[in-house]
Amino acid sequence: MRPDGRRPDELRPVKICHDFLKYAEGSVLIEVGDTKLICSASIEDKIPPFLKGTGKGWVTAEYSMLPRSTEHRTIRDSARGRVSGRSSEIQRLIGRSLRSIVDLGRMGEHTIWIDCDVIQADGGTRTAAITGSYIALVDALRKLKEQEKWDSLPVSDYMAAVSVGKVREQVLLDLCFIEDSMAEVDMNVVMTGDGRFVEVQGTAEGMPFTRDELHSFIDLAADGIQQLITYQKEILGDLDE
Amino acid sequence: MRPDGRRPDELRPVKICHDFLKYAEGSVLIEVGDTKLICSASIEDKIPPFLKGTGKGWVTAEYSMLPRSTEHRTIRDSARGRVSGRSSEIQRLIGRSLRSIVDLGRMGEHTIWIDCDVIQADGGTRTAAITGSYIALVDALRKLKEQEKWDSLPVSDYMAAVSVGKVREQVLLDLCFIEDSMAEVDMNVVMTGDGRFVEVQGTAEGMPFTRDELHSFIDLAADGIQQLITYQKEILGDLDE
Amino acid sequence: MRPDGRRPDELRPVKICHDFLKYAEGSVLIEVGDTKLICSASIEDKIPPFLKGTGKGWVTAEYSMLPRSTEHRTIRDSARGRVSGRSSEIQRLIGRSLRSIVDLGRMGEHTIWIDCDVIQADGGTRTAAITGSYIALVDALRKLKEQEKWDSLPVSDYMAAVSVGKVREQVLLDLCFIEDSMAEVDMNVVMTGDGRFVEVQGTAEGMPFTRDELHSFIDLAADGIQQLITYQKEILGDLDE
Amino acid sequence: MRPDGRRPDELRPVKICHDFLKYAEGSVLIEVGDTKLICSASIEDKIPPFLKGTGKGWVTAEYSMLPRSTEHRTIRDSARGRVSGRSSEIQRLIGRSLRSIVDLGRMGEHTIWIDCDVIQADGGTRTAAITGSYIALVDALRKLKEQEKWDSLPVSDYMAAVSVGKVREQVLLDLCFIEDSMAEVDMNVVMTGDGRFVEVQGTAEGMPFTRDELHSFIDLAADGIQQLITYQKEILGDLDE
Amino acid sequence: MRPDGRRPDELRPVKICHDFLKYAEGSVLIEVGDTKLICSASIEDKIPPFLKGTGKGWVTAEYSMLPRSTEHRTIRDSARGRVSGRSSEIQRLIGRSLRSIVDLGRMGEHTIWIDCDVIQADGGTRTAAITGSYIALVDALRKLKEQEKWDSLPVSDYMAAVSVGKVREQVLLDLCFIEDSMAEVDMNVVMTGDGRFVEVQGTAEGMPFTRDELHSFIDLAADGIQQLITYQKEILGDLDE
Amino acid sequence: MRPDGRRPDELRPVKICHDFLKYAEGSVLIEVGDTKLICSASIEDKIPPFLKGTGKGWVTAEYSMLPRSTEHRTIRDSARGRVSGRSSEIQRLIGRSLRSIVDLGRMGEHTIWIDCDVIQADGGTRTAAITGSYIALVDALRKLKEQEKWDSLPVSDYMAAVSVGKVREQVLLDLCFIEDSMAEVDMNVVMTGDGRFVEVQGTAEGMPFTRDELHSFIDLAADGIQQLITYQKEILGDLDE
């Protein structure tokens, strides 16, 4: 039995509050069970130095947790004077994933900053960040589309993410914190609307896994992600409109 | 006319969502007009080095803004590698104010960390932080009271804060961002339930002010703070219980 | 009785050594009792990015203490890798106060850097810094006036600062370190030559204060500041010349 | 055709210089084609704070590149004042992978520090770091085994890593830098001697990949890793001796 | 002709104000021509970790310049977030020099912190720092001698320092800033009262120097240092008393 | 007897592997006994701000040790967030020495970055860094000469460095780590091919030294350096070709 009574292949309840912030060009409050985070997208009319003169745009992400989003208070990155290794790894993953479905070459010299701030953490913050940021990003790109009079959105597909794992010999979808901390294997999967992979990151925590297990993780993740993408479609409608 | 149609001596609507976070010993989401912030209180069974062996406790605060809480995206303190001067000044004010109504000598060797994270900023974030943190602090102290079997809460009074200012020759209560950015004088006042001052910080932005003006600022702030304390009493009930 | 035998409303002896440094455009060594600090003003022909293209100038301040200006050696900000919260708060106060009596719009694209370095600290370093920096600033502006052929100095008035406080139920002017460390209330006041307020910062250390007490602090501070401004006038002469 | 004439499923020549450093408890110089790095293992008789009192040991890794290991000089992390996001991500991967095949509970209160310093980078530095560090780690554990009179090595299996990728529609093993920079998909795989997975990290650079492609990546990586492990066995001999 | 009319072998006027600071265990204001700095010595009853349990003491130094001690304002180390390479090199020289004439083994577990803060810089700040710090150090050690009831001071000799250099083909003693900036060779020499060398640091700026030139630098420095030590003896009296 | 059986005036075996790195414009692996380091020279078509518009070039150096180049693991500068004082001092010495034999005025607006990374440290790393970097620098300048069609190399002479010291009353050439740690005097000397001095840095560790001792240090160093320069000439050939 899972701590919250879910079936092994069941997602936690997902709730997305669209246009959550007053100033951001795109923003959501996404809740996945007790995991809650704010994702915002901000347009800046500058690009990083390595893109100067290419006419391309850029999408980059920052991820942080409020100190008391966690069971025990976590010291702030700003108090330690640097971004933690974990935050750095997560924000690189978010940025890379989002860039893979955006046509940067059609964006013009704009940067979209994605900010993912975890209000409450109960497992799966990085995958919820990707699922939520995707919506904020599309909102910001729609603002740019209007402003720049683009014919279409420079976005190739929907995209969402979920975690899967092996806990006490069972393969589970969408791990909460307690499950995650006992997991023998932990995998994060990012997929597009047409069922292809953007990222697959599987880690054996203590016990290496077999190829068959890898397949079952992938199957389970694919099912969960399609449900999340269905929700994204409800919120965003057709990308071509 | 004020941008939101308020009278000069009128507070913005205040909404406090009590017990907002799952893990923190005390927490609120406080909204003052469009200003929104999360205040949490975390108990740690350690004290700073300078208190070792004194049997005293400590209350300290950290303040930060989400990057897109502001009209234009603000770079994160963690990305700059240090806490900004403004954040540092505000968190010192919050900590100092809260300590002034707590009997640290009766707290035992515990630290209470107050975290104020601004979700959306429309003026008055530091005073909202004090008003909201007071509630989170009392909640955490009530948990300690039960755990440590104290006879009473080591808190001397209620406490709240508000801003006042002079804008286009008019004295206004509870400035929103637009008013704040045009203010000739900006004053933050922190008061207790019995009407005494904990902090008075008045700053002339461009035009020094007279003693009569000082009096009218103080009068207006005192009225506003008593309304906020009435709200705190509704939420917290009697401090002796 | 005060530690140095002063009356409650008596300033410590103030000594200002004008043109203390060889290279700076303005500089003083100011001594207030045993508190000693060097204030210098440096002209730079650049302005901060947010003023680019406005034609305005800027005045900014930095404050630091020599490690052994204090009773026990204080670790250097540079050894800790960042400016302390206290230094940051003080230098913001100094900069803000000085800017309030300068007409930045008439300064042209120049920045004046104010450096306040405490040689010896016996209470009241931030107010002595304001009183002394004012002189260094005027000296630097006079150099600019000559160089830029301005008709008049872009300075609206004299300005000085003093601390007041409540110690063992007594209201005292110009607290030395021992008094400051026992004070129940500590207030710093910055005023102009015409008796108006630039900053009022009152803090209850442990015991909130009443409105009557606030009035008596203000009265006492105003008297002290007028004496300091008389001294400034002796040194600087008429601002219009 | 690959730039160095290899078949798609062919590893670059691998050369491991065992016991490369005079002082380290374990060390190699590993060369994979033109990629060269030094891996060392250092024993420290301390453990991180979160393990105090558990009797467990720890394995942690640091990764860095010499400034001119790259085609264009890379600025040092120490000059920038912090570890880059990329280095941080890689050193977390190395440490996590090595810990997955060590029985930390049998290590006693020792930390083994793994240092991977890239002398020359031509693609695949993170996988070469894992393959090489494994040897340095076993050497250090053998020193501890002797010193602590353990019955057996607390290591469950051999372990090595390799990259695979999709370049111009072709699936390739062990990408060199030129191939890596053109890759549509880039995957790093860490496996044990018995053919199970420790880490699978696949990233679509621009073009999401299908499940069939995922399978062919995994197949190719598994073959390459078994060749590397054969080499490790030659160098280290039987883990039980 | 030298800028201030001195003979090639002539020191600038030296003025040492003894016991300059109220709190420090030893302190001077030393002026060498227009170069002015404060040297203080602070006793701390702790020693660095690498000396724990050895019974030895330690002497260490920090060096810094006030921002406007220089012709053009220098940015503070604390604003840059780190000690500059130049400051670091100078403070290592000062600490090493002072330790060479102190018997650390007889000091007990005390650290003496030397702080050298340059008020005004006109060349020769590092050598003036050594000459002045020596006096502050002896004062602090005399306080420790009394407190710890040592039989004698753990100091082997007097010590002072001076610069020499080659400017426009002429060998000069005690270079001021203008001379220093034109010097082809710049040498700093630290010597003891009995005429032996503690440090010799000669640097060719552009033009390597011959052995004969080295000799003439050394001769000139030795003469200057003996004059400085005569002055130290006047101030400090006999080291055995 | 010396630990490795050398005569007092005998260098350790020196081995220089020329063109050690694939990408750098100049590079060597230099081994002096068990001391091993990589020196590389990188050309950058930019110059530091203080040279803008002068047409001059620049040479600068960075020095670092791999964590396990030392007997006990040394924490990385990047993990501590700053360059250590020792590294900073050494890299300043290397840069200054190299600049003294380069005609920067003839270099055009190029910077040459010298990177010295210690693989294994057994004393004399800073002098080996100078001897090795000289070769890397000449290689890079030869590339620039060809590219920029200079008539001749802007290098005035060969240059190498060695340490000398006094250990147990004996004057020794080229100290290894054990000797260095027992040395009463430690001196580093940098000389040119024509026997002139670029740097002389002598430090008394505990016992000041006499002028006669200074002479014998210099004599011994001069002999050692001429042997190193003979080796450099073998590698580099005539500077005019």
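In this document, chain identifiers A, B, C, D, E and F correspond to the written order of the chains, with residue numbering beginning at 1 in each.
To be clear about the criterion, a residue touches a chain if its C-beta (ideal position, glycine included) is under 8 Å from a C-beta of that chain, and two chains touch if they have at least 3 such contacts.
Model, not experiment: these values are computed from the prediction.
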Quickly list, by label, the chains bordering both chain C and chain D.
none
Report same or different for the chain C and chain E interface, where same means the shared residue numbers exceed half of all residue numbers found there.
same
Outermost chain relative to chain E, judged by CA means, is A
So chain B and chain E are the same sequence; what rotation in degrees superposes their CA atoms, nearest 5?
120
Between chain A and chain B, centroid-to-centroid distance (C-alpha), Å
33
Taking the mean of the CA coordinates per chain, how far is chain C from chain F in Å?
50
Dist(centroid_CA(chain B), centroid_CA(chain C)) in Å evaluates to 27
Send over the residues of chain F in touch with two or more other chains.
81-83
Round the ring, from chain B on through chain C, what is the full list of chains in order?
B, C, E, F, D, A
What does chain C use to touch chain B in their complex?
82-83, 85-86, 88-89, 91-92, 96, 100-101, 157, 187, 191-192, 194-211, 214, 218
Residues of chain D touching chain F in the complex
21-24, 27, 34, 38, 40, 42, 44, 62, 64, 66-73, 76-79, 81-83, 87, 113, 115, 117, 119-120, 122
